[in-house]
Structures are given as structure tokens and as C-alpha cells.
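These notes are about the structure you will find just below.
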Amino acid sequence: MIVAEQKPLEAVLKMMAPYQRVLVVGCASCVSVCLAGGEREVSVLSSLARLARGTQGASIEIAEATVHRQCDQEFLLPLASQVEAAEAVFSLGCGCGVQLMAETFPHRRVFPLLDTKFMGITLQPGVWVERCRGCGECILDRTGGICPIARCSKGLLNGPCGGYRDGKCEVDTAVDCAWLLIFNRLQTLGELESLRAIMEPKDWSEAAVGRPRQVVREDVKVPIEEVIA
Amino acid sequence: MNGYGTALAVCTCGGTLCGRLDVERIVAAPGFASALVIHDLCLPAGSARVASWLRETAADSLVVAACGVPAAVQAVVEVSRAAGVAEHRTSLVDLREGCAWVHTQADQATAKALRMVASAAAGVRESTPPVPDVEVRPSGRVLVVGTGPGSLAAAARLKDLGCEAVLISGTLERFEGQAGEFKARIRTDQGVECHAVGAVIAAGDAPARMPAVQAGQRVAFLLEGDPWPSVTESTLSAALHLARDCGCRVLVLFRDMGVAGRGLEELYREARGSGVTFVRMEEGSLRIVEAGGEWVVTLEVPGLGSVTETVDVLVSGATDALQGTRGLAEVLGVAPRKGGWAPRERALLEPVATERNGVFLIGSARGPYTTDQAVRQGEAAAMAALSVAAPGVIAVSARASVDVERCAFCLTCLRVCPHQAVTTALGQTMRVLPAACQGCGVCAAACPAGAIQITESPNRRLLAEMDALMNGPPLGGRPTVVFACANSAVPALQALGRLRLSYPAQVLVVPVPCLGRLEAVHCVRPLAAGARRVLLCGCYDRSCEHLVGPATARRVVERASALAGTLGLDPGAIHVASLAPVDWHKLGQILGVSCDDGDRNGGEASKVTAHATA
Amino acid sequence: MVGAGPAGLTAAQALAARGIPVLLAEQGPVVGGWAACYACKAATDCNLCGVCLSARVSRTMQPGAGVTLKVDAHVLGIEGGPGSFAVRLAHRPRGVDVSRCTGCGRCAELCPVAAIAQPHPQALPMAYLLDQEACLRARGEECVICREACPFGAVLLDDTPSEELVQADVVVLATGFEPYPAARKGQLGYGRLPGVITTMDLERGLWQHGPEYLSRLLPGSRRVAFVHCVGSRDLAAGRGWCSQVCCPTALRLAGRMVRELPGLEATLFFIDLQRCAPGIARLFDDLPPEIHLVRGIPGDVLSEPGGLLLTFEDVATATRRQELFDLVVLAVGMDSPGAAAGMPAAAEGFLCDLPAGVVAAGACGGPVSIPEAVGEGLRAAGAALRVLESLS
């Protein structure tokens, strides 16, 4: 899932400051699961914003809504009248959601209330960790199911840098050395020999650098003319 | 068909509350369809009068302002039933112990009473009908794990009581479901067996103890570590047998002789009288050297100097029983979870039960107990298991429910539930198991989608009650809001009332099932509405029945304080306090009253004791 | 069901939950037994003494849920056998009708000699008690103030003892224990020397008065001794058994005292420390520096100008030592409550070898902790149920 974190309340209040009537929109998908932007956060953040305005002797009208996924327009369109009624929209979606919201309602200012962090998993309640960098070309089959690109601070492809101590990374001692994990896993699987194969440099043109990427499935894609027809 | 509006009944407790409160003003509280003053709600005549009045008013909801004694609670249930008002549409306000008896100024007490009544009315209006009862149909089968004396005693007692004990030989691999309808998967030498059982009683295995010793040999037993009764029992039995019946020379080295079990002191005395030598080791004075198949044990004994003994066999006592059954406890879902949230000791405070309904631990699965204790626990567990596993139909009311439309499947509830009451399966929605749920509300507080609500106080109801409490006639100062845990703070508050110890009328109480039910926003809201302080009063970490309440509350307070600071409110105004239900003094200290009202309090209590022992 | 302590209450509720009507007779005015007057002994965290557990057992006792509670009812005799017991109950006059008293307290407000009072702030039933000896009527005066004042007509000034015969199929005895009468060990000075109290006194004092009790007991003083095994593991006193609960209790009380009163030092005198009760092992792992342990039981307590002088054999150093204390707390053992209605008992006084259809639960069968007593209640309920099933 996409893991995100709420912006500090100060920042939220500052963004809201110029407005009297706003819409706060949550997303019931990934960011709900990482406890950042679901229905409850919408309601908590809205009541905090009202309280803040109240303590200044002023008031603010906040409409609350939560959609299934902010990254699909079909879920956003039903919000049209609420968006219309608001001076600005505050999205508790990830970066994708905020952008699609802005694209869908080009006449309204749309503000992000989350900082989108990474693709990851829930390690334990309250702790989420990164597991995938979206490099575009998966090599997990060769590394015992542990990704050296996402989990090695240096993104090394052919073994550890030699700088780890007590199993921890020299860049961040809170992080396990990914290559040690890979070694141990392959040992468990009895496949240590496979490490002898040298991995060629990756084709980074498929990764999250440079031009924006897209995936096209020609068999699924509906030509735009047909939609209009 | 009932009509509309909320009715208000105020009980004056035989008129004794009239001087302390302005009852006329309270019955004239705005927003009620009709109101009645009575004097004896908890007596049959009084409750009958309320019932007939309520039928005439045709109201669809009811607020009763009376007291918190069980008879009054019972009366409200009966009255609403008799008049056809749904139970969730009624609310009882503790006007006596919670207001009239504890506030000295009638005008302030009346103002607070008006707020309490308005709060109850707001809550009743926001209440939701309970989810229909769920039927659980136990088959009368109870899984008994272990081969020790405790499990045999449990199995025998279960049979006597009309249940079937399923004794297994193999390893319990998976255990899921809820009390009354668990599913257990067991791996045996032959393969995998599955059993549907209503409860599980897990005991340790029988201790295999007697060391390999030949007649006439010299034996030393070494008892280090904690003086566990189970170790004393097995060691002393072996030592006595070897010394008395096998002609062995037996030495027992110990620090503390653990005799906290029935018959152990007698066993110790008998062993001493039968030729077993007991020598107490003091810290650091023991030396053991192995030499040619023999052991040379040297000990410094204070006052006697150095003592040396050569023995053929050296038996080291103490096995870690709790560690030994850790895996089993984990499969049963009663061990500390990842992150160490569940303090295991809490389970040890119960005689046989655990935090998971229908799972009972006895004997060495529970602690270092003797055979006698294990057998007693086994018989106790059999009776306890009967209540969830006896054949028949049990109607269980759901204390929490999931709105699947809103659920984001984030699994937070499943992870935070201290009672293993939340479940899901592929292709299924999240489900709260009613026979496992204990209504603490930890899940409701954690749910990011607001999809879980506890029936007793859904979030909207709690917020409505809090808001109504915070807005009302002036109390003579800024309020202090106390969130009171039902297991500790509520009984302690009631005791303060019974002692007529006065505290300021600005103290407004919001009862909650457990502090774990609260979110940061619940703490900030009253501050923003003008409260001076917000206190979360609940159990201690180790006494919390829901295990995580105080720890959750501390995290909530940290977050709430930070939020309060951002909002320009006092970040130091929110606190957590731990107390026991019997420690009303501590609550008094927190609320700023001295509870040592010497004579009245002490005098009465000692009279009870005198009476009891007369 | 005889006795409404943690064991009796648990057994009554467990049987009632199986649809068995239960008559619960308690000789005292309220339920809960000794445990109802114990203090919370939490220091920084709960020490699992079980007082909350006993409070919960009393609190969950619902009126009219299959259990008929009779307080102030003493068992005089039990006759018959399974299915046909006749139990003779004597009712001690309470002076107040339990079914009518709402606890409003008007009587106590007006009584000129404070002879009527509520039992304690968490009592069940909460009905008031009339102390007939303190009442003006005991001196021949015709005072009826309380009766006139009661809005519910609950005061019974002419309440007299009465007897009742009840039928039962099974009898469960949960008559509890008595604390060892510490005054019998005259050399320890209990009842004679001020400053010598028992753990039971300390429990009740803390429960009634809170931490102020400690400062009242020990104004400005700071040395307190706990003497273990008073009336336990002592053949000379006729008590050969280990009472099991006193070591953890002393340790918990000492833990709370040193926390509540800064500057206080506590010394525990013991034979073997029984520290296996739940939660106690952890307390031991980080024993506060103010708690000292001495292996050896003082033979006597003498009143000296500087305080109470304890003379003892320190086993660890094999030396005879003397030390002065301001307060001495005797950790008294658990004694049997005395023969219950002519039932057989072992030499120590605890019930054993009971006739068919009679079941013992809790401390009347031997020393138990509060959680164990609750477990005993469950066990006895099961045993009683088994007898009932064999009858039908």
C-alpha cells in the first residue's frame, strides 16, 4: 500500500486560514489503512480545525466526505456539488488522489493534508516500513524475496558494502542490513550458490527517474473515439 | 407504538436530596416531553408508579435521575420494559452519589445536575438500536490440553457435569473462533485432526521428575532460583523417597524453601525427620567441582565454616514451566503479542481465566503450581468452561459491531483487540465475535474509518453527551472533565459519594468502559469548550482487564497534549491517573479532597468489623 | 451457601448462572469477607494482590439473579444428607430492614449518639446498621428519632434475634478464615505495646484512611519492621502450616509504604521468603533500596526509649543482632474460622472429610490467596453441581 503521514496540525491550520467554507475529503483506501487519511482522520482533523477557529473567536464551515479511492475519477465526481459549495478542497489522499482531485475540479484550489511517503507494509500497529521503490523491473526472484533496492540504503545489487555492524546498516542503525537478510534467507532455502551469479547493472530508465512512466495494456485499453461514440 | 419525546423522572431518595438540590429546577429542565418527581425509585411501589406514568406519557425515551445502587439500575430496566421503552433509549443519572452528596453548594450542584440530565438526554437521542443477539450453540465438547494431574481432574469434572472432554495427544497448531464455537487443529503422528470445541483448558504436562539414582548412592539436589512450590514438591518427594526407601544419603541445597502450597511445610518437616540433610546456601558461597564421576560440593556456612560433601548424583532443580508452555499460549492467543502489549501477569490475577473468553490456563501452563493446586484449578476451570461450552443455545448480545460499508480492511482492530475478538477470513468482512468481545472499545478508538462502534456508547453518543455536559448553567468555575473507567474510577467515585466527601461541582464525570476507548480528540474537545483540566482515571497497567487501557491512554494523552498546544490550549491540562476501585482516597487526592474524614469513615468501618467478628 | 467472601460469592453466582436457586447466608452485615476491607497495594504499578478481583466479585453480584442473599445470618446447625439438608439459621438483629433501606443516611444525620451508620462506602448491601449497644434505648431512653426520620420505614428498633430453618439439596461451606490472634505471642507485644500492629491492621487502616493512615501511625518516624510467620510454620504455636499469603502481603505492604512515605526504611524478617505469588517475582527483581531483607525471626519486641527493640539471629552472618524500629508489623497467618456448624475438621482446624453433599470452598479448607479463593468458588460450584446431578 501507499504509506502517508498527516502534515503537522500547524501546517494544516495555516493552509485553511484564508477560508470560511471548506471540504475535507478522505480516502478509504491505502491511507486509511496506514491511519493517515480515513474517515476518522477526516472527522478528527475537521473537529480540530473547528476548535482552532473557535479558540480564535471565529468559525469555519467544514464539510466532510470520504471516498472509496481518490485515485479513480468515478469516485470523485459525486463530490461535485460539495466541491462547488466550498471555497477550497483539502485532500487526505496520497499525492495521486490530490492531483486527480485537482484535475477533476480545475476551478477549485486543492490542498494536500498528507505527506506521501512510500510503498510499504504494516510492521506492527503504528509502524510502517518501505518495501518497494517501484524500480520497474523486479529482481526479487534472485534475492530470496528481499529487495536490495528498497531495503539496502545503497541499493547495491551484488552483496553488502561491508559497512554493517551487528547486522545493522551503517547508514541507519535502525535498519537491518538487507544483504545480510538476503544471505540468511538464501541459506535457509539452500540456494546460497545462486549468489555467485553477478547481477548486471539495472536499466534505470524503467525506474522512477526522468520521464513520468505509464503502463498501457493494449488489450484492455478502450480507444478514446469509441468512448465518445 | 410509542410516541415521541424524552421523559424525565427524578428520584429524591425519600426527599433527602431536596435540601441539597433544587429539585423543582431539575424537573423543569428544558427539552423533556414530561417530567415526574418520585421519592422511592428503588422500592417496588416507586418503580410501579414510574412505569404507569411512563406508559401514559407515551414517550419513546427515558432519563432517570436517581442513584447508582444496583436496585435503581434494576428498577430502570424493569420500568422501561413495563412501559415498552427500548433499553438503549433509557439512561440513568447518578444524581445522589455523583452530585447531591458530594457538592456543598445547592446552586452549583443544581447547575451540575441540569447538565447531567441534559447530557443523558442528548445521549439517549443519539443512541443506536443494539445489534440483534447472536445465538451460539456449543456442543458440550471441551478441549483439554496436557497430561498433568490438572488436566485429568478437569476432564473428570467435565464428564461429571455433562460435557465431553476432548483429550488430545499431539500438538495444537491452530486455534480460532470464539467461546462456544472454537475450532482447533491438532497435528498428531497420524496427521491432522480438527475439533469443534466450546472451550479449551490448557494444562502443562506431568512432571517427569524422579532422577536416575541407584540404591545407596549419595545424591545432592540443588535448588537455585525462585522458590517455586512445584519445584519444592517434586524435589522433596524425590529426596524423601531416596532417603527413606532407598538408603541414599541425600543433601538438599537451597536458598529459600518454597512451601507456599498445601502440605508442603509438612512434607519439608517429614523429609527433615527422615534423614534428608538440608543446607541453606547464601549468595556466592557454593562451589561445585566434578572429579572422576563424582561431584565435590563445597559450601561456606555462616557460623560453621566450610562444609564439603562428595556426591554421586547432582540434581539441578527448577525448569521454566512458564517458558515451556509459551508456544502453547501463543497458539491460544493469550501470550504477549508483538510489541509486548499484553502483560501476562494480568492473566495470573484471575484464578483460571485468561483475557480470551473460553480459554483457561491451569497448572504449569499458568504458573509453578503444585499437584494439589493444579487439580483444584482443573476442577475450577471445568466449572468455568461449563458456562461457555455446556450443550445448548446461548444468546450473546453483540457489544461491538462493524459497518462493513465503511471498513477499509486495515486490520487495525484485529491487531489492537486485547481479547482476540476480531476476525476475518478470505472473502469475508471484518467481524467482531460477540462471545469473545468484552466491550472495551479499544477497536472503536483505533478504527481509522470509524467503522467499528461499541453498542453501549457509539462515538456520536459519547460526543453528544460530552458536549451537553460542557454547555449548561454556570458551575462557579471552569470545569474539570474526568473520564472514569467503569472498572476502577466509577466504583471509587461512588465510594466518595457514599462518604459524602465533597469535591468541587466543576468536576464533570464521563464514564467509559475502559480508558482504551478514548481518542485524542475526546480529550481536546472539552479543553476547547473551556475545561480547565481533563483527567483520564483508570486502572493500573497490570490490573486493567482489557490489558492495554492505561498504555493506550498514555499515548492518547501525549497526542492530545501536542494537539492542545497547537490549538493554543493548555498542553499540560490533560493527565492520566491509575487507581484501584477500592482506593477512593487516591481519587480524592486527584480531585483535591482529603478523604481522611477520621471518625465518620473509620468509626463506621471498624463497627462493621466488630459486627462481623462478633 | 454459607459465607459470602470471594469464594462463596463466586460459587453462588456460578451456580445461579446454571439455573440453580442459591440461598447465600453471610454472618456479617455485608458481603466480601475479610478481602472487602483490604487496601490496594499498588506502588508504581499494580502488584496483583487480588483486592480488585474481590471487589469485582462483590460488584457483579446482581440483585434477583437467582441468589437470595441473607446477611446477618449465622448457621447454627446442618442436618440431613444430600437432597434433604435442613440448615438452621440464626438472624442477628440489624435494626434496619435491608430490603427497604436505600442508604439515604437521614437516620445517621439525626442520631444523637452516632449509633446508626452505613457499613462502609462500598458495602453490599448498603443498608445501614444499628449498633444496639450504643443506642440510647440500650440505656432505657425512649429515643425513636431514627425510626421517625426514615422516609422508607426501614428502621426496626425492636429487631430481635430470630431463627429459621431452610431446606437445601447441597451445602457449600465457604466460611473463610480468622487471622492468627497475634496477642497470643505475648513476647511480640501485640495489644500491649503501641507501635506493634498486624498486617491485617495495616491493610484495614490503609483501606479506611488511605496513605494518611501511615503518616498518622508513624508521625515523623521512619523505621518499620515486618515480622513474618506470626502464627505460621510454628509448631510451638500449634500452627505447622505455611499460610502462603503473608509473605507476598508483607512485601506488597512494605512496597506501598516506602513509596507513600519518602524516607521510610522497611526491614522484612523472614524464614524463607515465599515470593512466587503472581506479580511478586517482578517486585523482587527491582526491590526498592528502602526495603531490607533479614533472614531470621525476632524472638521478642521490647519497648526502649529510642523505639521498639528487636533482637534476632541473622542467619546470613550467624550473628545475634539488635535493631530499633518505630513500627513493628506482624505478618499474621491464616487460622481456621473454627468448626462450622459441627462439621469435621483436620487437626489444624481446617475443614476436611466432609459428609456427602457438603462441599468446602476457599480458606476454610486451608490458606488461599484471593484469586485462589475465587477459583475455589468455581471448583466448589462444580462439586455442588455434581452432587445435584447425582440426585436427579
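As written, the chains take the letters A, B and C, and residue 1 is the first residue of each chain.
To be clear about the criterion, a contact is a pair of C-beta atoms (placed from the backbone, for glycine too) under 8 Å apart; a residue touches a chain by one contact, two chains touch by 3 or more.
Please read all numbers here as calculations on a predicted model, not as lab measurements.
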Checklist entry - Line, ring, star, complete or other: which one describes how these chains touch? => result line
Next on the checklist: I want to compare two interfaces, B-C and A-B. Which one has more contacting C-beta pairs?
Outcome noted: B-C
Checklist entry - Counting in whole Å, what is the centre-to-centre distance of chain A and chain C, each centre being its mean C-alpha position? => result 61
Checklist entry - Could you state the distance in Å from the CA-based centre of chain B to that of chain C? => result 22
Item to check | Inter-chain centre distance, chain A versus chain B - centres from mean C-alpha coordinates, in Å | outcome: 40
Checklist entry - For chain A, which residues are in contact with chain B within the complex? => result 8-10, 13, 28-29, 32-36, 38-41, 43-44, 47-48, 51-52, 54-56, 66, 122, 124-125
Checklist outcome for this item: In the complex, chain B touches chain A at residues 338-339, 406, 408-412, 415-416, 446-451, 519-521, 524-525, 528, 563, 566-569
Item to check | Contact set on chain C toward chain B in their complex | outcome: 14, 17-18, 27-30, 37-40, 42, 45-48, 50-53, 55-56, 59, 61-64, 92, 100, 102-106, 114, 117-124, 126, 129, 131, 150-152, 204, 207-213, 216, 233, 240-242, 244, 247, 272-279, 281-282, 315-318, 366-367, 371-372, 374-379, 381-383, 385-386, 389
Item to check | Sites on chain B touched by chain C in the complex | outcome: 13-16, 39-40, 42-43, 67, 69-71, 74, 157, 160-162, 226-229, 256-262, 264-266, 269, 280, 282, 302-304, 345-346, 348-352, 367-368, 373, 376-377, 379-384, 386-387, 390, 487-488, 491, 494-500, 539-543, 578-586, 588-589, 594-596, 598, 600-609, 611-612, 614
